[in-house]
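Take a look at this one; I'll ask things after.
We call the chains A, B, C and D, going by the order they appear; numbering starts again at 1 in every chain.
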């Protein structure tokens, strides 16, 4: 039963989701929206499991005094600060850190988001440029025909898309870059899309029919 | 009901006041008005069609638009239920209509000076929701679905009886080598399911590959680390890995703490994974699933840590990063086929063959279209095919 | 170990340093290479030029702080062109992380041209589930937005009185950093057949060329280069109005330095061929 | 200013792994993860769980036409509220995972999630990716261009060449993705051309991404140098 019921659930929900596409009537679409809602709820609850996982790992680290357990203190303290600051109502004012209510202006919670999470993320996003440079240096080697094609196209597009390319080589490089984008690029992309489509279709079918059941403990 | 009455009163009032204002000849009304329940809809809509007023063309005071009117019986007052531009020969009435209720319709043709004339009453029409979409493009999608599903199922059946050939894929062969390498070096394997949620196809592919990888890892007795980004994905990964260890006959070797949740936030997650790479120095890194901007930073750090890296995704841009920065990359469909390849079960191989049949049909339809486009002037086949395919 | 051998195994921190220098230095030396305007950007400018004062354009700036460098100059240039010609704007933002950004941009440029809220432009704000919202707005804006971003009832805004849905606007322009662009193509253009122009990041531009080709888009502005082209077309003097143009100058050096490293990497690779 | 300094310290700390793993990195990493996990814990609770379970109007906050009409008339909703209950029950099943003996019951909600995803993708892929691509792939290989009513040879050849390359890209690419036939002979040659096309695509994508990432970095530096440090005029 431990395997059969989940497989039955998958079959029913999967077939329903596929078939409702063809049914314009309102009732399936109502069920459909509500199924989506259910998925969201399950996801939100799963987050609790996730939090339990991360906390238990770090608590265990501290308990066993594993190397680097000191950092686990920081993780747990900042998590607890954030969560309590977000959950405790404003009326329960416990000082400047805790209990300011979630989205209250000037709360610890919102400040941490606005001044720590957000700027660090956008800065790190910008720093990706450096990694592109190092990847280009170490991995862009003309060691075979296909690697050379990759490299040459990338260089043509890089040159063709900024003013300095045409300024050095003439307008043809910009036109070539545009042509590459519009023609061979678009063609090969369709091939990839069709392949991915076939792959997803087949995988979904195997999932719904219970042929692919690796997630339930593999094999038959 | 009261609202309907009020609106009727108001429109009658306007009707009277207009008739005082417009001294000019009103336009000719629309003719042949018909009202039918809109096909293939969820209901509460009625399609109207008519022959336009001939006075759309007249030079002086032409018809500039139409108003749709509705009533519950042919002699009760009519209220506005939508409008249509001049030149239209049909429209859909939907404001406030209810299912399973009969309605009568009229269309009013307005001239530039607001004078108007009304058509004959059409109806009754009863809006209902349909249980099957009969629009041509839906039918074609249905036909396509039945065909492709049929291909896959047929080949899955057939695979049980005879051996099917599948060509080797370098990236997939590398998966075995990667696991072997980790065992030899006595170092762990890192498996990242990407940043997608469980509702993304690439993530589902990541689960099925993880299942195969975990089973081999369990057999070889090395260690598998799976840091997760999405909580549902995390729960499923735990099941997958646990199940795989059970399958391999080594449930006691499964360590719950090696499949863990980090945080649902791109860069903190990336920081954590980078940390793991630098400290654990895994022998092999797998990146299978949905990836975004972090892909390159992960692959560069993995390279720095000296790991062999095998990636697979269906995102075009991330594929290009992975191809540049990783040792092996499963491109698009190869990732979806990976689980079947690794399992070596005849059914799984059969499904791959079924996919190929689908591609044959795709390629032949495209070729047929191209050839007929070439002969466009000779035969009308292209037009026909185009109509069929574009569901015009 | 020979020179090339060393080059092959160069520490990547040196590469990071070189990239940093190559990008920071040009900030202090403006060159001003000419930027060639591409037809897919020109067509957007031209069709806005052809509008009459009082015409309405539907505008959807949907981007977050992460893509400001590319998309904000585009958005500003477009708004400047519209407002300077007396063209009215109805704006929404259906991307969760963007509504505040969109509001800031609209208010800033409207102020520059003394445009009055509710008369010359309206900002409807954000609603989740973009595709549903886009479809609903095709019937009536009020269906999804009975109230605007600031909480005014839409019908109290003078400009909105004669605006029912997309068909009362001349075109839809979306400056988009998300896959939400697909929804505009599929649901706004596909369903309601309103001319649609798109501004996207350079990365996304690849994906959307197909739609330009198939006529589902009438204009496509891609990345900082597209933004610089818009600035050139709008043609205002002064650094403030030409941020993308100035940054494009620096972009030149950034690309050159990457290409330099690719070449260097290959030279080192071939010079040490076989000497593993 | 203080916040910018904190953000700057954290960013530097996190980026310091480029140099090598170090205590500062470990510290920043822990803080970053703790803050972010806490943040998402709270916001998903308020933005997703709570509204979904208590939501009276349905998930989109938008009603279907007839549901809206029904709502206006009766003040209540036609939408079946018992779905909230199902969602809640599945949510609780998920939590049972924490109880070792009956943890297996959590597979039900997971099966629910995977099943509905798979069903949705099955049809979604077919519609948007497979069928739509066939339509786009039918291009005339000879595409005559007329300028002022007469055939323009140069333009015709150009357009035709474009279409030929496009069709070649699609077909050879599909051949590359063929799994059940050995890549040998003519077939193998075609597949090879297919991988060339794929590489051109990847090269182009990489080139464009370089552009985009550089733009971001430049934008960020522009902000730092101009608006923050006032080093530029």
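One rule holds for everything that comes next: contacts are C-beta pairs under 8 Å (C-beta built on N, C-alpha and C of every residue); 3 or more make two chains touch, one makes a residue touch a chain.
Quantities reported herein were computed from a predicted structural model and do not represent experimental measurements.
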Shortest chain-hopping distance from subunit A out to subunit D: 1
Central chain of the complex, centres being mean CA coordinates: D
Pair of chains whose C-beta contact count is the highest in the structure: A-D
Centroid spacing, where centroids are CA-atom means, of subunit B and subunit D in whole angstrom: 13
Intercentroid distance (Cα basis), subunit C paired with subunit B, Å: 26
Interchain centroid distance [CA atoms averaged], subunit C/subunit D, Å: 19
Residues of subunit B touching at least two other chains: 42-43, 141, 145, 148, 198-199, 201, 204, 232, 235-236, 239, 262-265, 267-268, 279, 300, 316-317, 319, 321, 323-324, 331-333, 337, 352, 355, 358-359, 362
Junction residues of subunit D, two or more chains touched: 14, 18, 26, 29, 32-33, 35-37, 39-40, 44, 59-60, 64, 66, 94, 97, 107, 110, 113-114, 117-118, 120-123, 125-127, 130, 133, 136-137, 167, 170-171, 174, 177, 198-199, 201-206, 208-211, 214, 216-217, 219-220
Sequence positions of subunit C contacting 2 or more other chains: 12, 16, 23, 66, 202-203, 205-207, 210, 223, 225, 251, 254-255, 258
Of subunit D, residues touching subunit C in the complex: 18-19, 59-62, 136, 204-205, 208-212, 214-222, 225, 232-233
Subunit B to subunit D touching residues, read off their complex: 42-44, 94, 96, 98-99, 140-141, 144-145, 148, 164-167, 169, 198-201, 204, 232, 235-236, 239, 262-265, 267-268, 271-272, 274-275, 278-279, 301, 316-317, 319-321, 323-324, 331-334, 337, 352-353, 355-356, 358-359, 362-363, 365-367, 369-370, 373-374, 376, 382, 385-386, 389-390
Subunit C residues touching subunit A - in the complex, by the definition given at the top: 10, 12, 15-16, 18-20, 23, 33-36, 38, 65-66, 202, 205-207, 209-210, 213, 223, 225, 248-249, 251-252, 254-259, 261-262, 264-266, 269-270
Subunit B-touching residues of subunit D, taken from the complex the two chains share: 14, 17, 20-21, 25-26, 28-29, 32-33, 35-37, 39-40, 44, 64-66, 69, 94, 97, 106-107, 110, 113-114, 117-118, 120-123, 125-127, 130-131, 133-135, 137-142, 167, 170-171, 174-175, 177-183, 198-199, 201-203, 205-206, 209
In the complex with subunit B, residue positions of subunit A that touch it: 18, 21-27, 29, 39, 42-43, 46-51, 53-54, 56-57, 60, 68, 117, 120-121, 124-125, 128, 131-132, 134-136, 138-140, 150, 189, 192-196, 198-207, 211-212, 214-219
